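Lettered A, B and C in written order, each chain numbered from 1.
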Amino acid sequence: MCKRSCAFGKVCPLLHREAAAKTFGSAEEGTVAGLKSIARAGVLVAALGLMGGALHADNEPITIGLIIPLSPPGDPTAGQLIRRGAELAIEYYNEKGGVAAGHKLKLSVQDSQGRPEGGVAAYRRLVSEEHAIGVTGFFHSSVNLAANEVAKGMGVPTIGTQTSAAEITSKKYDVAFRTHVIDPVRVSAWLDFITQKGFKRVSLLAETSDYGVGLVDETVKQNQEKNVGLELQPMTFDRSSTDLTPLLLQVKAFKPQLLINIGVGQPMDLMIEQAATLGITPQTAMLISYDAPVRPQFWQLHPKNGAGLYFIAYYSPRQRLSDLGTWFAKAYEDKYKESPVYSSLNGFGDVAILAQAVDHAKSSNPKSIIAALEGGRFTSWAAADVTFPRAEGVYWHNWSPPVLILHYTDANQDWKGAVVVVEYAGTAAK
Amino acid sequence: MAAPILETLQLTKRFGGLVAVNGVDFRVRAGEIRGIIGPNGAGKTTLVNLITGLYPPSAGDVRLDGASLLGCAPHRVAHAGLMRSFQVSRLFGNLSLLENLLIPYFALARGADRAAGEQRAWRFLELTRLATMAHDLAKTLSGGQRALLQVAVGFMNPLLKCYVLDEPFAGINPVIKESILALIEHENRANALTFVVVSHETALMRRLCGQITVMMDGRIAAEGTLDEIARRQDVIAGYLGKAGI
Amino acid sequence: MISTELIAQSLLAGIIIGVVYALMALGITFIYSIVKMINWAMGEFYMIGSYVQYFLIAQLLGPDLWFIAAPLAAFSVFLFGYFLEPLLIKPMFTAGIERKDDYATVVTIALLLMLRSLATVLSGPYQRNPGSNLPTVMLGPLPESGARLAAAVCGLAVMALFYVLLKTTWLGLAMRAAAQSRFGVQTAGVDIFRMDRIAFGIGVALAGLAGALLAPVFLVYPTNGIVTTTKGFEIIVIGGLGSIPGALIAGLMLGIVESLGASFLAPAYQNAYGFILLLIVLLIRPSGLFGERVRQA
């Protein structure tokens, strides 16, 4: 089966449905006429596969790709939560009859395992074999970055669902989009927190991934630029280390007032436990750099040491939701018997945005989708509209939800009841 | 002959195109000390390897006390009552002499009791006059002492019926040779054990063995007492025609 | 900041973790000495031990009876290994396979992948924590988690027991002999295939025990065996394959080097320090510190 796209189309326009559509005016008529040509060409047609491009024949589903971590060393819980949201978005649009006059949506889920190679392979598969019109779901920054490098050449846009490394958007690729908190915003939020609490000595323990190193660098930078005057102890560790004791002993010797836990998945969990064992917490406060503590498994893993932790969240039930968001919250609660968390909300939102983009573009041509994403206003789960302007630096094609810092005061506390210590509005692009 | 304790029936071994053992019918009576002699390359060691289960035969059978040993793994052969010593002593260098002796006892005795095993081992340590070195590592022994110990190890099998010794005297000093000889004769008299001894030492074979089997070119060329064999022209020609004993 | 307190703390932390890694190494080296093959799936037996411990504690015994659950977990891993060996490993000897090392590598790596996937399918990719009520203990200047200390103490006890049994029991004697001459021990009447099964079972049970003891420390998830396998093999190379004291000493060295390196040099390269130690040892003694010298010529 031939899988190459436009090359053949240029040679045999009659067999290339997009070209046929352009010639004959509408997708449906083009297809009929194209089919007549195909009948004449006979065997050749049977041998050639679908070409990318124009909307497929009636009832041909439109595929949206989801690249998520479903197994270690990635964070599989995050992946599952994003998936839940994405699946509900597909359900929502298909119940309404599909997009762009009747095309149903199909979700193709790929496991990145949290590794860049996994993300690259998944993206290639989604674009060349499944003809996805957009790829989203990204959780690990390194995976998003790697996929974007390939996307640059293959042309199908990506939307980072929960990836925060600056270069995902700051490289200003046409294909790269993101609907998550970027490093500068996250760091500003926690500097707000630090100033509010009056902390002066802060340890940063970060994993040596794009995520971790990026946040440490950004914190050091903003500490200087804003003259916050903090004494920082930045340290990095290999993600695969299970024994953080040597580093934690140094933290203990530094006697900080706050330890920022910049690990994702296992390292984050291990740090919580090992810091408690060494007696660093609870005297020293700990801030978890992302929203893992909102997940149901959190208290099972940390029955004793979870109380007293601060953590970042991107959603609070007090926030206003859009109508779409309200539909989603109810559907999620009915299906999973628990309130939705940010990962699911944003997974839902990103698939919804892509569906809306196809609707606006009335085409599955990647360039049209990109144009639609850049030019349109979209409804995600939050009350505010989503836009992806061609802005400067890291704000390019980026929409950030607001950043919250929550505090667990008791063990087994429901995250919805946690105290909101900081609410930092996501800075809109200029 | 009364039912032999050890017999081979048309035993054959081919290595590619070479026939090392060719349809050998070898029979040993219970209580015999049988010798096997022959020029180099006659197939003596191959025969021994076939009998003790190291090589699977290409054809034929091996029977100990009427039961076929065909297809038996080496440890099952030992369980059946057949032990074998090697020309280059196989001992466990990093274990003590006592430990070397105890292994076959514990491996093969049902419901083995440590005291009984150690008693038996000490008996052989005395007999071989190695008792003072009982706790030394086997690798510290001289070549002759290792040969002696190896022979003793075979006797530790509580189920022993037939002991096959492959060149037990090779490269050993005369004193040790005498010790090995004495050990074999003693066990043969005291416990009616059967022995098959492969060797080039004619003088010792004369003293030790009743019957001798001569192998040449993978076949049995002659059997009888050493004197009877020495008179046979074909045997002499066979020996002189080869590269010497 | 270098202070004697930090040095002492790092040293102690390194020793404790080194003991546990040594358990893994002991399992690997023991299996190798009898069965003459490298079991690449050791980490997965660690992982199974940790899962069994988790389920015993979470469903039946509760965290206070960890010291009953751990031997049970180790024993269950022993049984698993004992019944797995004739299926997977024995054919290496009986089926006329010539390239035994390659066979063993392929089979144990396939086993590794299968066990990991099985764990993910059965239990999900999530981490689990059986929990521990052991209090934090002050070891001199170092606050050490009770569970980690218990793991080290039990590990040492098991290693000592193992050594004693090896030297004094009949089975231990047969194993020591088999390690020296696989063939010779058969002609002495020992059923080598039974020895293989028992040795394999014991070796993987040691890994399973390490997993069970460390379940509350390093948590339970399908890929938690990877790090321990890597450390185990580093230790084998440093200490010498086939040497039991080598496993313990090299384990301690590795733990200490990594801990001190991470404390006083860049912590991001913690794993690299172990490899540097490995390279240095290989340059000086290619067969490992206690490994058997390969004969020249």
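Definition applied: contacts are C-beta pairs under 8 Å (C-beta built on N, C-alpha and C of every residue); 3 or more make two chains touch, one makes a residue touch a chain.
The model shown is predicted, which means the values in this text are computed figures rather than measured ones.
Q: For the protein chains shown, what form does their contact graph take: line, ring, star, complete or other?
A: line
Q: Ranking chain pairs by how many C-beta pairs touch, which one is first?
A: Answer by contact count: the chains A-C.
Q: What is the chain whose Cα centroid lies farthest from the Cα centroid of chain B?
A: For chain B, the chain whose C-alpha mean is farthest off is A.
Q: What chain is most central when centres are computed from CA atoms?
A: Given all protein C-alpha atoms shown, the central chain works out to be C.
Q: So what's the Cα centroid distance for chain A and chain B, whole Å?
A: 77
Q: Centre to centre, by mean C-alpha position, how many angstrom separate chain A and chain C?
A: Their C-alpha centroids are separated by 39 Å.
Q: Taking each chain's centre as its mean C-alpha position, how far apart are chain B and chain C in Å?
A: 43
Q: Tell me, which parts of chain B touch chain C in their complex?
A: Interface residues on the chain B side: 52, 73-75, 78-79, 83-84, 90-95, 99, 102-104, 106-108, 112, 114, 153, 157.
Q: Which residues of chain C touch chain A in the complex?
A: Residues in contact with chain A: 1, 3, 5-6, 9-10, 13, 17, 120, 124-129, 131, 136, 142-145, 148, 217-219, 221-224, 226-227, 258-263, 266-271.
Q: Residue numbers of chain C touching chain B in their complex, please.
A: On the chain C side, the touching residues are 170, 173-174, 176-177, 180-181, 183-193.
Q: Could you please specify the touching residues of chain A with respect to chain C in the complex?
A: Chain A reaches chain C through residues 70-73, 76-77, 208, 235-238, 240-243, 245-247, 249-250, 253-254, 266, 269-270, 273-274, 277-279, 297, 300-303.
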